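Note that subunit A is present in both complexes that follow, paired respectively with subunit B and with subunit C.
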Partner chain A sequence: MKNKQVTVMRIALSFLLVAGFAVQAVAGETYKMGLSLAITGPTSDVGSPYAKGAEDYVKYVNDEKLLGDDKLVCFIRDDGYKTEITKRNFEDFLDEEIVFYLNYSTGSTMALRQDFQEEQIPVLPASFHAGNLEGNDYIFLPIASYSSQAVGLAEYVAANHKGSGKPKVALFLHPSAFGRAPRDDVKKSVAAGLGIDLVEIVEHGKDLDNTAMLKRFQSKGVQYVISQTVQPPVATMLKGAQSLDMIAKTYGEAGKITFLGCHYGGGPALVSLAGSAADENYYWTTSYKMMTAKGPGRDAQFALAKRYGRDDKLAKDANYTNGIMVAQVAVETIRRAKAKGKKITRAVLYEELLAMNGFNAYNTLTTVGPVTFSKTDREGVDTLQLYVSKGGLFYEVGAPFESEYVKKIKQ
Partner chain B sequence: MSYFLQLVVSGVVVGSIYALSALGFVLIYKSSRVLNIAHGQIIATGAFITYALTVFAGIPIVLAFLLSMVITFCLAMSVERIFLRRLIGEPIISVIMVTIGLMSIIDGLIYLTPFGSENFSFPEFLPKTPIAFWGVSMSWTQMVGVVITFTMIGGFTWFFKKSTVGISMRAVSDDQFASMSVGISVPKVFGLAWATAGLTAAAAGGIIGNITGLNFDVLHSFGIIVFPVVIVGGLDSILGAIVAGIIMGLIQQFASGYLDGKWGLFGTADVLPYIILLIILLFKPHGLFGIHEIERV
Partner chain C sequence: MSENRWMATGNFFTSYKAEQRIFMTHIDRLVFICFLVALFAWPLFFKLGNKYMLVIDSILIAIVAVYGLNLLTGFAGLISIGHAAFVGVGAYTLASFATVLGTNHVLITHWWPLMILVSGVVGAVIGGIVGLPALRLKHLYLVIATLSFQMIFQWTINFMTFFNQGQTISIGRVFWFTGKVARKQHYLFWYYVILVIVVVLGLAVRNLLRSKHGRCLVAVRDNDRAADAMGMNPGITKVYAFALAGFFAGVAGALHAYLWRGVGFESFTLHHSISYLAMAIVGGLGTLVGSFFGPVAILMLELQVEHFAEFVGHYFTAIGDVATAFRPLSFGLVIVLFLMFEPRGIANWWRITRSYFKLWPFRY
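== the complex of A and B ==
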């Protein structure tokens, strides 16, 4: 009798064990990635929509089972734009055994690049500084670098200047590694024959008024100002230029200044801040598609925002797109590795990223060109799109382009 | 010549806004000897209240601006009543630490709202065409800002010199025990000092918000940016805040206009105020107009 009871118990226990493993198999694997960024503090106007973009896309992936029965967890933590907190967050994420990491600022990306190298973890930052790629192998820029953006804008100025002689250009830069990122490449491009006269390079402060700077520009005949900074100083400069009646009403208008900006120095959030000073004739470049560009990318982004209860302002924000896009690349990398039957590890995802080129390039729909990475190219989307503001919205100008001089100076 | 004049006009505009922002520090310090580290956060709160009243509640912007001053007046008074009144008589460092805590609390509360991480701009209600004279340009926003600033500064100068309440506040600042002995309510004076500082902060926030747009990081940083103005002018002097504000505005414009771009110099407008601050404090440790108290034992 006792033996019979033991046998029944053994069978029941075996059944429970088998059932347990079966349930685990059905539930699938869980992959973890981390995102540390400024949801509060300086640049939180960028970090907050960025975080929401990544969060919504990860929810969508899980809800729609884009990774089959496997689940993706994205830890999102605020670092208040402080590198020491970013490092702590990153270390906490490592304890959670993340396989992919999304970083944010130029400063923290530069500071942690040795950590990324040691951990051998693929990293996509929100910073597009080409210098991030130096001295390590694991950082990948999602889109064209700040250098490509600034030089690309300068090329547009050189090609479309209406007056005689070389167009006089000033650079308006953030006083940090982020702002200075394209400075030397613009100078090198000019030395290599780019047809602009680089009159001044200004690193701004926390100014309430830019009258002196703008008047100085005017006295030196500056007709174009290219900004590589965040939106608030650009807004203050534009409002100042408006009060001095200096903003060109048409591109290159003689005696006035045409303002242009790189990714973080423009977009819908700039119009929200600067109002009428930015809602007409502000030129801006990025690799992201704008919500004014009709197509499947726009429709999908609106649908995603609506699905997760986001408002219209967020749905149109370029940094919401930015957050979606980096999560898309991470998910696509995992999906490709899974499709090959590989176990998802940092090393496997790194190899998958490096193989994302040629026929394997990834078309995200949220960018103006495909994401391509290889051992010699860790700048994702190579193409840029020029936009101009009209009635407060940004519209495409011409076709997507690549900076010719950045290629030249890097040869 | 018009370049010089333009720099003077812009310097006075910027300087008067600095003076208005600095006034909040002075009002509190003048009556309670407390340095309110959270002043930048109150400036931002005032600006956001004006925006919310205008855009979300549909109240005309001028009325919203006045209402926000009233609301911030009441909020600042409540802050004093809840957090600071218990600290009367405690070491000054404890009170300053409380204002640092207050700064974090207000930061946290604002980050819970869209104002913490989104950009906004006030609806435009003034003409876009700049005012031009003698080759000099200024926007209507700047003009209105200067008028509001000087009206408020004039009003407060009169208030402290002529009104009974203002004189009571000065008396409390001079000697709390002597003031109490003649029947002045020190706690009420402290409350009123905080409230009036809140009122000026809302005015400053409204003006700065119109010039820069509404970004929390930009707005609250004005609490730090005007610090040299407060110190140079003298922590307890309204006249000092005005003079130092305008001096700083002019120095910044001239530095940016005449030094930047030459000899490889840039960003002098950010550095020079602090150099001037150090030089002035070397010769006048209480600021240009600060009261130098002599204690006899």
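== the complex of A and C ==
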């Protein structure tokens, strides 16, 4: 009797074990990636929607089983825009055995690039600094670099200036590696023949009043200001310019200043911050599609935001798009590797990213061009779109473009 | 002091020599040795992730920096809120070599002990120069002088292209007898290096405080006129206190550069200077053990607050700004609470605990 009981128990245990393994096999693999960014602290107005974009898209991938039975885990950590914390987060992610890493700031990307190289891990940062690509093989810029953006805006200014002589331009930069990123390339482009007169380069502080700077611009005859910073300082500057009646009502209006901005220095969030100072005639460039214009990208983004309980403001935020886009690229890379029956490793994902070109280019719906990467080109979306604000919304100006002078100076 | 060095219970001494012992009893020495053995041996038995090894290494580096600040502020009574700039001087000394000679120059990768020493010496020289105003200034005025140094340092680094305008300057991987220290061994290797430096410099500080040079610092702090009357030179003592603090900070800076494999401006801001001061206050100003407790307490607090702020930020997104404020709030609160309720710092709790065991079972 006792032997019979033992036998029954053994069978039951064996069944449980087999069932356990079977469930595990059905559950599939778990792929891990990490994202460290400024959810709080400086630039958190960019980091917070960015994090939500990536978070929502990863949830969507798992909920909709876009990777089949496999699961994607994305660790999202706040680093408060401090490189030391970013490094700690990165080490933590490595301990978790991530296969893909999403970084954020220019400073931390530059500081950690040796680690990325040694770990041979593909990295997509939120920083579009062209310098990230130097001395490193594993960093991929999601869209056109800050240099392409700033020089592209300067090219637009040179081509569309109505007055006599060269247009007088000032650069308004964030006092960090991020802000300074395009500075030298703009200078090089001017030296290479770009028809603008670069009057002043200003690194802004935390001032709440820019009267002195704006008056100085006026006295020097500045007609265009190109901003490479985040939205709050641009909003402060625009409000100051508005109170001094210095904002051009039409592009290049004589005696007034036309304001232009790179990706992080514009968008719907800027209009929210600056109000009427930014809702007319602010020129802005990015590689992302505008979520105020109808299209499949906008519909998909709005649906995603609604699905995960995000408000309307976030749904339209360009940095929400930004976060979604980098997660999209990471997921697409994993999906392609899986489709080829490869085991998902850092090396495989790296190779897969490098193969993302030609017929294998990736259309994200949220960008103005396809994402293309290769051994010689690690800037994702090469084209930029110029937008202008009208009635608080941004509208396309012309067709997507690429900076000619950036190509020239890189040769 | 009791004749029985194992069972000493009181605080009475029969000679100056007895009073100046590093270890009052054999038990103290034994406990210290056991503690050291434990510190050296635990990584062999417990494997910690790189994140926590990085935190531990950072705490050890902060201990080296706080040694210097404690000598300056705790023992010599000269308040400095530019200590992170001194640490930065050490780090940027190494970074300057890397910029001029190359990131992987043999001097940086093979002669790293020498580079750490050189960074300390440069820190000491700059410390001595910055200490010159101490000849004429006291109290709040001296604080402003050190603050000025912090500002000048930040401005210099942030605007000079030689220092890459504060962006990271890379430092190459070092070599050991076994070859290049690879990424896998990096944190453990530096744990042992920094631990050895902490022990050696800790013993150096303990011995300094037993010497006339150490007692000079305390005498000048307590009453510089009286110290002058007794034949000491308060001016030189103050400058030398700054130089000492600069040396420790310079060593800490070089270690920081090697550990993080790069030097960036944002590790040496005014916020970091205040953090070092907070570590010295919370640990216990004017005590050697305070230099250990302070960095552990403040850096662990920062880590926990970070986790908490992250938690709040994720689950209560509407109050993200409050999460941003948690770090400075908790940090300030801890300093205020310590100043109000335990101005002698954690070192005093340690003293009470030791007294309890020393007198046990005869409590009074």
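Here, the second predicted complex is superposed on the first by the 393 of 411 C-alpha atoms of A that agree within 3 Å, B and C clash if a C-alpha of one lies under 4 Å from a C-alpha of the other, contacts with A are read in each partner's own complex, and residues count from 1 in each chain.
As a working rule, a contact is a pair of C-beta atoms (placed from the backbone, for glycine too) under 8 Å apart; a residue touches a chain by one contact, two chains touch by 3 or more.
Since the model is a prediction, treat every value here as computed from it, not as a measurement.
Asks: Under the superposition described at the top, does placing subunit B and subunit C together on subunit A give a clash or a fit?
Replies: clash
Asks: Does subunit B (first) or subunit C (second) touch A:G107, or do both, or does neither?
Replies: In the superposition, A:G107 contacts subunit C only.
Asks: Where does A:T211 make contact in the superposed view: on subunit B (first), on subunit C (second), on both, or on neither?
Replies: Touch partner of A:T211: subunit B, not subunit C.
Asks: By residue count, is subunit A touched more by subunit B or by subunit C?
Replies: After superposition, B is the partner touching more of subunit A.
Asks: Just checking: does A:D92 make contact with subunit B only, subunit C only, both, or neither of them? Give me first, second, both or neither.
Replies: second
Asks: In the superposed arrangement, does A:K239 touch subunit B (first), subunit C (second), both or neither?
Replies: Only subunit B is touched by A:K239; subunit C is not.
Asks: Which of the two partners, first being subunit B and second being subunit C, lies in contact with A:T345: first, second, both, or neither?
Replies: Neither partner.
Asks: In the overlay, answer first, second, both or neither for which of subunit B and subunit C A:R77 touches.
Replies: After superposition on chain A, A:R77 lies in contact with subunit C alone.
Asks: For A:E200, decide between first (touching subunit B), second (touching subunit C), both and neither.
Replies: First partner only, subunit B.
Asks: Taking the superposition as given, does A:Q120 touch the first partner, subunit B, the second, subunit C, both, or neither?
Replies: neither
Asks: Determine, under the contact definition given at the top, whether A:R180 touches first (subunit B), second (subunit C), both, or neither.
Replies: In the superposition, A:R180 contacts subunit C only.
Asks: Using the superposition described at the top, list the residues of subunit A that contact subunit B and also contact subunit C.
Replies: Subunit A residues touching both partners: 39-41, 44, 48, 175.
Asks: Mind listing the subunit A positions that touch subunit B in their complex?
Replies: Interface residues on the subunit A side: 39-45, 47-49, 175, 200-213, 215-216, 219, 231-232, 235-236, 239, 242-245, 269-270, 272-276, 313.
Asks: Would you tell me which residues of subunit B are touching subunit A in their complex?
Replies: 3, 6-7, 10, 13-14, 17-18, 107, 111, 116-122, 124, 128-130, 132, 137-139, 141-142, 208, 211-218, 221, 225, 252-257, 260-261, 266-267, 269-270
Asks: Give the list of subunit A residues in touch with subunit C in this complex.
Replies: Going by the criterion above, the answer is residues 39-41, 44, 48, 76-78, 80, 82-85, 87-89, 91-92, 94-95, 107, 110-111, 114-115, 118-119, 175-177, 180.
Asks: In their shared complex, at which residues does subunit C touch subunit A?
Replies: Residues 49-51, 54-55, 58, 158, 165-168, 170, 183, 260-262, 264, 266-267, 306, 309-310, 313-314, 317, 320-321, 323-324, 327.
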